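Multiple structures are listed underneath, in structure tokens.
Next, two complexes with subunit A in common: one pairs it with subunit B, the other with subunit C.
Here is the complex of A and B:
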């Protein structure tokens, strides 16, 4: 359904996404994991061409047999919110503070159907919210975004995104701004959406818990490139890439063990970067790692890693 | 009834605030006038004749007594305040007319000048500011930027003289001295419009640009809303309060009387009255003028506040 091929995205002259390839199938939840600043959000936003400062310098984004990178602005507008919806890290900030939530639901429908009436939209929204087990619809519709709690706001944003029953949902760190209980509610809701509507999702997160709970497939990103991609089970239980291993070791646990931080800092983006972006922080790095970007190696049908050193 | 209670509380609070501000402002002006080295009694006796040093000391002392200047400072202020509360702003020392009459007389031309200038300023600046924000760094934005830069950097007397030279001397289309004629309003209004628009266009542009960088704009784009709708239904509504606040400021500045412009064009409004009163150290007239300016700014602020409450739900629900 969504097929990203060799995508490169730049801010000015700095290339922050490098030759990214990723597939999302029907009804599949794919997570992109990585530290802040690894280019995962940029990659996600470029699927809807949302970042005005970013330019796509190579590759293609095929959605339903159309290349999104080649569409004009009117054609892209017809996809946004209708076929592909997006959820942001901070739902509260992604809504106009001067409009009620009810208006948000109405406008989301009206953007793609000029004849839509507000009463019908609200009725539909109420049914949808009930199906997703969100109550107090009356109060929510008459509230302004700043009158809802963060978790409520995010769950409402997800419901609003479903108003046009899109085939794909893009979510940019949907749980990162929330406390733990609200995170659990959002994860549960996203699962529910997938079960009820068979919606595909591409979720960007730095939270391994989200990956473990939600994803069918996970891609680990570093320095603008994918390091390892595989089923959730492959990534969590048998990670191969040194970076994936380090990332999993860095997850805090309940037993009081202090997680291990990854030494060093994420790379700064510059164009003479050749070789593996993780090499400067990698304990296994060899000379060749600095000289050439690692070859793609398939470990199994679902599990692929880009590394010169591991599992040889 | 909780709602009504909060409204009453709000009104009471702003009434107290207003009183404190007015007393503070008039007290400060009164004090500044009091410590100025010139003796108003002497000025009064001199009248317009300018015979310095020809008035006897006794005559000055007698006049001081008449004007209440021999009393201590606080007592003078209390006396003045008491009169103001009873609707008496005092008598002008130069024209011997009541200050309130002078103000109402001079307010009319200033209100006329303000109405014309502000209306045109808003009609030019708001659309042009929005356009320049949307077409940032395009040709028209750059041209407007240059004009704004010139308008902001040239002092008003210089713009006035340029316009006088061009329209009154070279083209002989407009009178040099306005003197409350309908044709005479054009040049002073033009100077005010040039001065205020130069700033206002840039301010509107900046507000819109800041608003367009906010997350909810990207959120709206992601929902498939058209750029036009985002601009007019979301960005403009969110920018309305700061844009309106600036507008209120210009309204206050203009109504307070553009002293330099009114003096250059002999436009007989509040600004000219203020300059003349200061020159003659006309105590009560200056006090009256300060009070007028303060009241105008308080009213404008209040109006902008109320408008903000109506437009922006964050303010409305936060306060009431």
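Here is the complex of A and C:
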């Protein structure tokens, strides 16, 4: 469905995404996980060319046999919202405060179909909300965004994104701004969307719990590159890369386990970053790690790791 | 010894038209060397509690005993002074970007005249090393540090006068997990080596289990469950705590996320239990809202059905 190949994205001269390759299959939920500043949001936004300051310096993004990087802005606008929908971290901020939620649903459809009628849209929206087990539709449609809670806003935004039944949903930290109970409900809803519509999703998150409970496949990013990619089970239960291992150990758990810190701090982006970005914080790093970016190694059909040292 | 004792704390914020009842009677205490976790969702009154204890805002009623003296109604410097410090969620906002790291940390002792200038400088340098910041950062501007480094600096600043209690108001929420774990490690070190007590405010339940002795769960301005951290998380009694615990996404093993959209054609009145609309086991008793405090095996639970 979506095939990202050797993608590189730069802000000015600074390369923030380096040679990223990722595939999203039909009806698959893929999570990109990593810490702040690792380039995960930049990578996601470049799929819809949303960031004007970022320039794609290499690679291709193939969606439906078209290369998105080569389309002009009018063609991309036809894809946005219709074939690929996007959900942001703070749904409330991405809604127009002067319009009701009902209007938002109408607008989503009207943007791609000028003849759409509001009544039909609302009827369709109501069916959709029922299917996704969101109640109180009438109250929601007549409310303004600021009258809803954060969790409700986020869930409504997901429903609105589904109005055009897109094939792919991109979500940038969809649960990070929410409380735990609201977060759990959003995860539940996204699962429901996948089950009902077989929609593919590419989700960016920093929360390992979200990955474990939602994703089919996970990609761990660090310093602009993918370090390890594999099925959720591979990543959580048998991680290979030293960074993935350390990241999982740092996650606090309910059983009173003391989270283990990773020494040092995340890297800053320089123009001339060579070698493995994790090397300065890695306990297994050798000389060659500082000099050359690690080669891709396939551990199994679905599990790939970029590391010079581990499990050799 | 009881370091902090809060009884019957209430606070109302006045809007243009209506009142927001932020705290509806909070009771808890912290012993010397204890870490109490205060958890709950946004808007439940966690930060209000912290700010009242730190004397940053005034309470409506209730008493706070700190270190054996009543501090209610008094000014911050007079009553709590150096013994109570606070670390905030966003470390960058709590520093003046004009100053260097060393000056910023030294500033923590500005109002108290405890040390001579050379002594203070030496102390600050030691503490900056203690919290895990590099010596080469000393004269760097505080604005050029990253979020995690800044949070360590603000801990160094809080500790410089050897306080008895430090309030962490969502101090780890804005950080990445790997850095968050560093801060937790630092807090454990402070607790063991310096015997500092903590009031640790967070919305991350899992995080409390790695550091807190006791935990107080807040909902809508009340503490609804209080008890030893591990026991509350393993075996929650209050319906809200149950819901909260089941919402935490574990990294190993899938959890079945329950549906919380309980819809009720409510006869919801002003007296109803705050949690009535979302409670799985609400009935007529809850609609009337007769809250009971029950003591169960070293825990207290505030619930309409606490007796059952």
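In this text, the second predicted complex is superposed on the first by the 312 of 312 C-alpha atoms of A that agree within 3 Å, B and C clash if a C-alpha of one lies under 4 Å from a C-alpha of the other, contacts with A are read in each partner's own complex, and residues count from 1 in each chain.
Methods note: contacts are C-beta pairs under 8 Å (C-beta built on N, C-alpha and C of every residue); 3 or more make two chains touch, one makes a residue touch a chain.
Note that the coordinates shown come from a computational prediction; the quantities given were computed from them, not determined experimentally.
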Fit or clash - subunit C, subunit B, common subunit A: fit
Subunit B versus subunit C as contact partner of A:212, first or second or both or neither: second
Touching partner for A:251 - first (subunit B), second (subunit C), both, neither: second
Superposed model, subunit A: greater residue contact from subunit B or subunit C: C
First (subunit B), second (subunit C), both or neither touched by A:96: first
Cα-centre angle that subunit B and subunit C span when viewed from subunit A, reported as a multiple of 10 degrees: 70
Partner chain in contact with A:11 - subunit B first, subunit C second, else both or neither: neither
Minimum distance between Cα atoms of subunit B and subunit C in the superposition (Å): 8
Common ground on subunit A, meaning residues reached by subunit C in one complex and by subunit B in the other: none
Subunit C to subunit A touching residues, read off their complex: 41-42, 146-149, 176-182, 184-185, 188, 203-207, 209-210, 229-230, 233-234, 243-255, 257, 259-261, 263
Residues on subunit A engaged by subunit B in the complex (per definition of touch): 48, 50, 77-82, 85-86, 88, 90, 93-100, 107-108, 111-112, 144, 146-147, 160
Sites on subunit A touched by subunit C in the complex: 35-36, 133-136, 150, 179-185, 187-188, 206-213, 236-237, 246-248, 250-262, 265-266
Residue ranges of subunit B in contact with subunit A within the complex: 214-216, 218-226, 229, 234, 237-238, 311-314, 317
